[in-house]
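Pasting a structure below so you can have a look.
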């Protein structure tokens, strides 16, 4: 009964929505016009945005006829979308936990490959108003600190660093994503934030970085995998190989990522 | 409290000068759009005139040239409109107590005053009712009590009976007669009976100007304006008082409601009633009307949607279908009926 | 049963109308169907959920009070006066209604933030707004104030000024008129506006996360908690979402109730 109602409702909704315009079929139709136009959809963690954009451009140049489009978001969001049947060919996660979710649901083709690592660093406003120069300073109650919430990968990493250093940091805010942390630091609302090394590098002169030795113990590993539902499995595999290969590595290293 | 007013409201093309002597009631007559309500709004302080000044009992209400403007709540000018506008969230008693409360009276004292005034307009039993539970006539009684409880120095009435059911108008007129006695007031009205029964003085306005004014009787007897002439279309039965009515030279006895004092028999008087209040019948009507006159139709005169039936002494206004139904034509024998309550008897 | 013929509507209108209704109702049904009823109670009463719900109720109530204090005078000025630039002012007041909340959050940040327009003044007063519960209330007030102003201005205009004029001729000073006539008359509209503001404040997300941050018990309101729980515990997110849906339904019922009384 429930199923019947569901089917009927879906039919009614879809006919109305379809009347509104775009659908997947239209996109698929244009890509099947000729073998030279292949579109690869890559779901990648938000922290990969600048480096993957660069890698995508290089990959397109190396593979004429292939165009790469990206969807950048939090890894958990991306997994949830893939679980709901999002049309992705490749998934690059910021942590192994989220990739494990995809693997567990048989959404991944083959075995995920680790392609980069990332560690935390303290970001401060360029003038560093609270004179932060070590992780210990973040425990000072007069320093306004923001971190990621423990529920998201960067927050889990922050909690790990904190534990490793035996510190009790009292943040004024536990943000949803590393970009939110960075935003609070850039706007000067916070004196310091715990973000990835690559975020400090990517923000240029808008923030100053304070390296923390303690972070060496807490390393985030980034896995990548072609997805089982891909329409272009060969191109998807070629892309993952490109990322883990020398071209991808050099771009990632330049962005501050470590080797896996 | 004497009112002296001169005012110009350019936007509505109103330019008037008006005096109300202490303790007198002035009826402001005139066709729709002649500026009567505008004058009241200016006096009440709801509308700012472009020029002019007004004083009430020697104190200035406004003086455009001097830049003086007393806000409505400090004028002491009570305003009673067509719509009673009782505050819907207060019961009748608290509506009437609103004025005394605003003047600083304590709740208990204000309610005492309110009770007194409700009694004076025969509405004491309505004290606990909400406005939504009152009929039009009841609501207007309460509104009169409310206006008076605020102890206004000048009462402004803007067609206070125009929205009322025709059956309650005579009773309301009696209430107003009682409460207006000895009070300075201006009453805007379409109905000349109001002027006759309630006012000492008549001011006729047309197109924003005063075209005629004077004691009520004079204006009625010798109308000089178009509107005054319309008033002259009223049925006036002149004669002498006889019992409860007026006996005309032609022998017609017209029963009606007397002016305030009890009039001895044999005094010159005039019975006034509107042609609209006269019913036309082919058979002698039974029932309540105390005045039934046998007459012969002399003339039929179309007046808009109405037809005026003229007989030797009395005129009646009826609708065209009624003319057809009764088959009225010059020479038709008819009976004319008018309720005594619709007839005002006035000392001539 | 809908009687299309009696209403004079063409019958085919019912089809898209039904699709539209389904479009709104179906996601709610889908949400409810995903709730893990076995663990529902424990999920919505966990420490973090309770903290978030209580914080949401507290801040929304405070924001509603602020909305009434600021919104009633604004609605009165808009409805009862006329001055140059009034139309422009009205449009500006309505802006938060159509502005993406995140934009509101950024704007608030540059106003009340440390480096903001009023940042130094606030600093001198010894106040700290950023990352505090006050910031949450400010963000909620910012987005929900227009609801109260719009709702009340409409009611004031509909009510008209006739009763106020009568009150003045009865000798009531403007403050007395406002207190004893105007406000009692528009009370149903004011209540409806306040309830709508409360609902909007309860649902506020974008401006809060941008301006106030997210810390359990301080700034992490229910919508922020839901968004965060989604990362690690989708069941909790679904359960809390249902709680917000129920609150929203109650609010709509309340508004309909107050409107019904005034009608």
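Note that the chains are named A, B and C in the order they appear, and that numbering of residues resets to 1 at the start of each chain.
By definition in this document, a residue touches a chain if its C-beta (ideal position, glycine included) is under 8 Å from a C-beta of that chain, and two chains touch if they have at least 3 such contacts.
Computed from a predicted structure; not experimentally measured.
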Third chains touching both chain B and chain A: C
Most central chain, Cα average position: C
Distance between chain centroids, defined by C-alpha means - chain A, chain B (Å): 84
Inter-chain centre distance, chain A versus chain C - centres from mean C-alpha coordinates, in Å: 34
Distance between chain centroids, defined by C-alpha means - chain B, chain C (Å): 52
Residue numbers on chain B that touch chain C, as the complex places them: 44-46, 71-79, 81, 83, 85, 87-89, 98-99, 101-103, 146-147, 150, 152, 156
Interface residues, chain C side, partner chain A - complex: 16, 18-19, 22-23, 26, 33, 109, 113-115, 130-131, 209-210, 212-216, 219-220, 224, 227-234
Chain B contact footprint on chain C (complex, rising order): 162-163, 165-174, 176-177, 180-181, 184-185, 187
Of all residues in chain A, those that touch chain C in their complex: 2, 9, 12-13, 15-16, 74, 76, 80, 144, 146, 149, 151-152, 171-176, 180, 183-184, 187-190
